[in-house]
Amino acid sequence: MRTPRGAPVEAALTKGRLEALADGVFAIVMTLLVLDLRVPELAGSPAGAELARRLLELWPQFLAYVVSFLVLGIFWINHHFMLEQIKRSNSRLAWLNILFLMFVALVPFSTSMLGRYRLEQATAIAYGLNLLLILLSCLALWSYATRNRRLVDSEIDPRLVRVRKVTPLVGICIVVLAMGLSFVNPAASYIVYSIMVVALIVFTGLGLHERRSSGTSGGDTG
Amino acid sequence: MRTPRGAPVEAALTKGRLEALADGVFAIVMTLLVLDLRVPELAGSPAGAELARRLLELWPQFLAYVVSFLVLGIFWINHHFMLEQIKRSNSRLAWLNILFLMFVALVPFSTSMLGRYRLEQATAIAYGLNLLLILLSCLALWSYATRNRRLVDSEIDPRLVRVRKVTPLVGICIVVLAMGLSFVNPAASYIVYSIMVVALIVFTGLGLHERRSSGTSGGDTG
Amino acid sequence: MRTPRGAPVEAALTKGRLEALADGVFAIVMTLLVLDLRVPELAGSPAGAELARRLLELWPQFLAYVVSFLVLGIFWINHHFMLEQIKRSNSRLAWLNILFLMFVALVPFSTSMLGRYRLEQATAIAYGLNLLLILLSCLALWSYATRNRRLVDSEIDPRLVRVRKVTPLVGICIVVLAMGLSFVNPAASYIVYSIMVVALIVFTGLGLHERRSSGTSGGDTG
Amino acid sequence: MRTPRGAPVEAALTKGRLEALADGVFAIVMTLLVLDLRVPELAGSPAGAELARRLLELWPQFLAYVVSFLVLGIFWINHHFMLEQIKRSNSRLAWLNILFLMFVALVPFSTSMLGRYRLEQATAIAYGLNLLLILLSCLALWSYATRNRRLVDSEIDPRLVRVRKVTPLVGICIVVLAMGLSFVNPAASYIVYSIMVVALIVFTGLGLHERRSSGTSGGDTG
């Protein structure tokens, strides 16, 4: 555990606890989303059809819940992959990780906006801004860790380093575009966000980003 | 850690973090249930018997708390057993896990409905729908992991694979039946749900599902 | 990992995840206590002395926060010690653990009562009932695990087994006594609860329960 | 796992669970901060510019969120470093850890005050008091663990021991000074707090505290 004199003691900052903090924050943020789904308040005792009607009226909240849960899923898997490749840890990585989590923890707020004021431009901008901050901190974390192979394996596949830089960069461009479109029509922003989310789920879910950097894969496809 | 060229890098997605995220979500969902138990608000200062009476009136909320805690316990233990058998992990498994957690995280909402509008058909349907989504995602996760022994030990006991497929399937049938019964009487749905919950606790608690697939067991019974 | 045929597969249920779920629940329950401390709402903009006065009026809530945090600390440390000694795990242990957590998760409710209605008998009874349920489930868990050395080391020090049975039993007697005293005066219950909490902190904090079963201890005593 | 007779059984209290509880509490406290950011309630359906204006008015809440997130980041990293050096664990360490977490868990309350009543002296005092309690418990934990090298490596670098005692002591002095300044002007307190937070982030982020005690560091400086 003790590093030889001259080596940075910093390196002792164990990666495991960065992951534990991140898993905790993600688990809580995902679960807090449900607090925005409020059971309708009805005065009369036999609520009947009125209750069913009021429940169905909650669809924008349910949709916002599903979208944000999936967005958080995308970032959790990405964080997971990045830390899988990161072999050492230091204070600055811990701070970049905390910054990333600070923006992730804002998702319940943006989601609440989405559920309540989905037709407003302010919502499209706020949600986009939140995505932007998460993407930027993702990029910063990965760039810091891989510059000169600082915290990763020195023999890491360069394509793997590149693909994890290009993906958030593309995401940033798309989000900026979508935020611009909100000046025309907020709905247009949402369409762009949705396409991006679906594309990222397909991309990570099919493991395409992995396969591009690992040649032919074994029997775990399909 | 680096897999030989040709092997899927995906496999590097460590199972431990899937479990950590799941444990976090379950712990939070279980604990959020308590937020629905609200201390009665009384105007007068010496509340006395009025406070006791108001507390006792909370029994439907307390009952809903206990039922949902036990339901979450059942699914947590099941998730536990499934991941115990799953030896490898990849992006698609991570996504199926996230889907599962997305439905688990809805339990505080359904529980809140149960505590407030227990006599309504809408509640019986909503609670059933939540159970249905959890059961379906459980089944999807296990089917994906075990098809062609994709992510499990290739010498896994086939009865173990089967029993973990049949159990959610039976659960799905019972829940659909109970949802149908709600058209006659919501109370009938609850009776069916309750029998199912008790049966599953006995089933997992006595370790019957384990014993069926492991022959005679040692000295840890009863 | 695969147990030889005939041995219970149940044993595969890893203790680590029981601990992870428990740590998660304790962390959340402890933190939820803060939600009961509400920042006073004042109409006027320069609140001044009025704000300070209103903050000081929150003392019963702060006291309830501290007491419940310490109570949770006692049970967390106890759970910790029990699971330290438990070497194997099975479904029934998992269920007893879930039952224990179900009662632990009620603490924010009892604490809220304590902060709001500290002078009422209903509160003294409710808080006592919560402690009672936690203590009973603690006792059940330890008794189940140690009967015939079911899940513990067969060479465990018998005094260690006994002291962990006697402590909750004594606690149960004291709580029942305190609940009885509430019929005379709720304040009397609180005095008994407080003495018990302080005694348990001293008992666990000084490591007396450990020393009694381990002979002379090394240099870590203060 | 069993310690030889005569050695303290206490030592069996695994450090891992102290860390798990702490990571859980920090993750939840960080995430609860978002609950104070409330989406504005507007009556009219096309909210438009009004919504944007109301969002921008939330800036004090957003600022309080960022500040407290960073403060929690500082203490999490510090806790991390302390437990990295602590090699053994016992009941008293567990209690000091719980005490530390009890004060950390109050941060959402102080933050809420900061977001709502930032111009009031009561807020400057309350926030300072919270920082003071956290710093004191940090100091107590480290002093207890390192006195006579009780729970740390006996060959630990003495400068490392000292720097982790001096840092909270300096922090305590600064906070007391800032609390005193609040009698002149609350804004003066905030300026002092802010300088301290920024200094600590730079200090830990640049790894200065590490480098002072480890000689020349390797290639991870950026």
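Read from first to last, the chains carry the letters A, B, C and D; within each, the first residue is number 1.
The definition used in the following text is that contacts are C-beta pairs under 8 Å (C-beta built on N, C-alpha and C of every residue); 3 or more make two chains touch, one makes a residue touch a chain.
Only a predicted model underlies this, so the values are computations on that prediction, with no experimental measurement involved.
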| item | value |
| --- | --- |
| Cα superposition angle of chain A on its copy chain C, in degrees to the nearest 5 | 180 |
| Equivalent interface positions on chain A and chain D, same or different at half | different |
| Centroid distance [mean C-alpha coordinates] between chain D and chain B, Å | 36 |
| For chain B paired with chain C, centre-to-centre distance based on mean C-alpha positions, whole Å | 25 |
| Residues of chain D engaged with two or more neighbouring chains | 20, 23-24, 27-28 |
| Of all residues in chain C, those that touch chain D in their complex | 19-20, 23-24, 26-28, 30-31, 33-35, 37, 39, 42, 46-48, 51-52, 55, 65-66, 69-70, 73, 76-77, 80-81, 84, 153, 155, 160, 201, 204-207, 210-211, 213-220, 222 |
| Complex interface listing, chain A residues touching chain D | 2-3, 5-14, 17, 20-21, 23-25, 27-29, 32, 88, 90-92, 94-95, 98, 101-102, 105-106, 108-109, 112-113, 116-117, 119-123, 126, 144, 147-148, 150-151 |
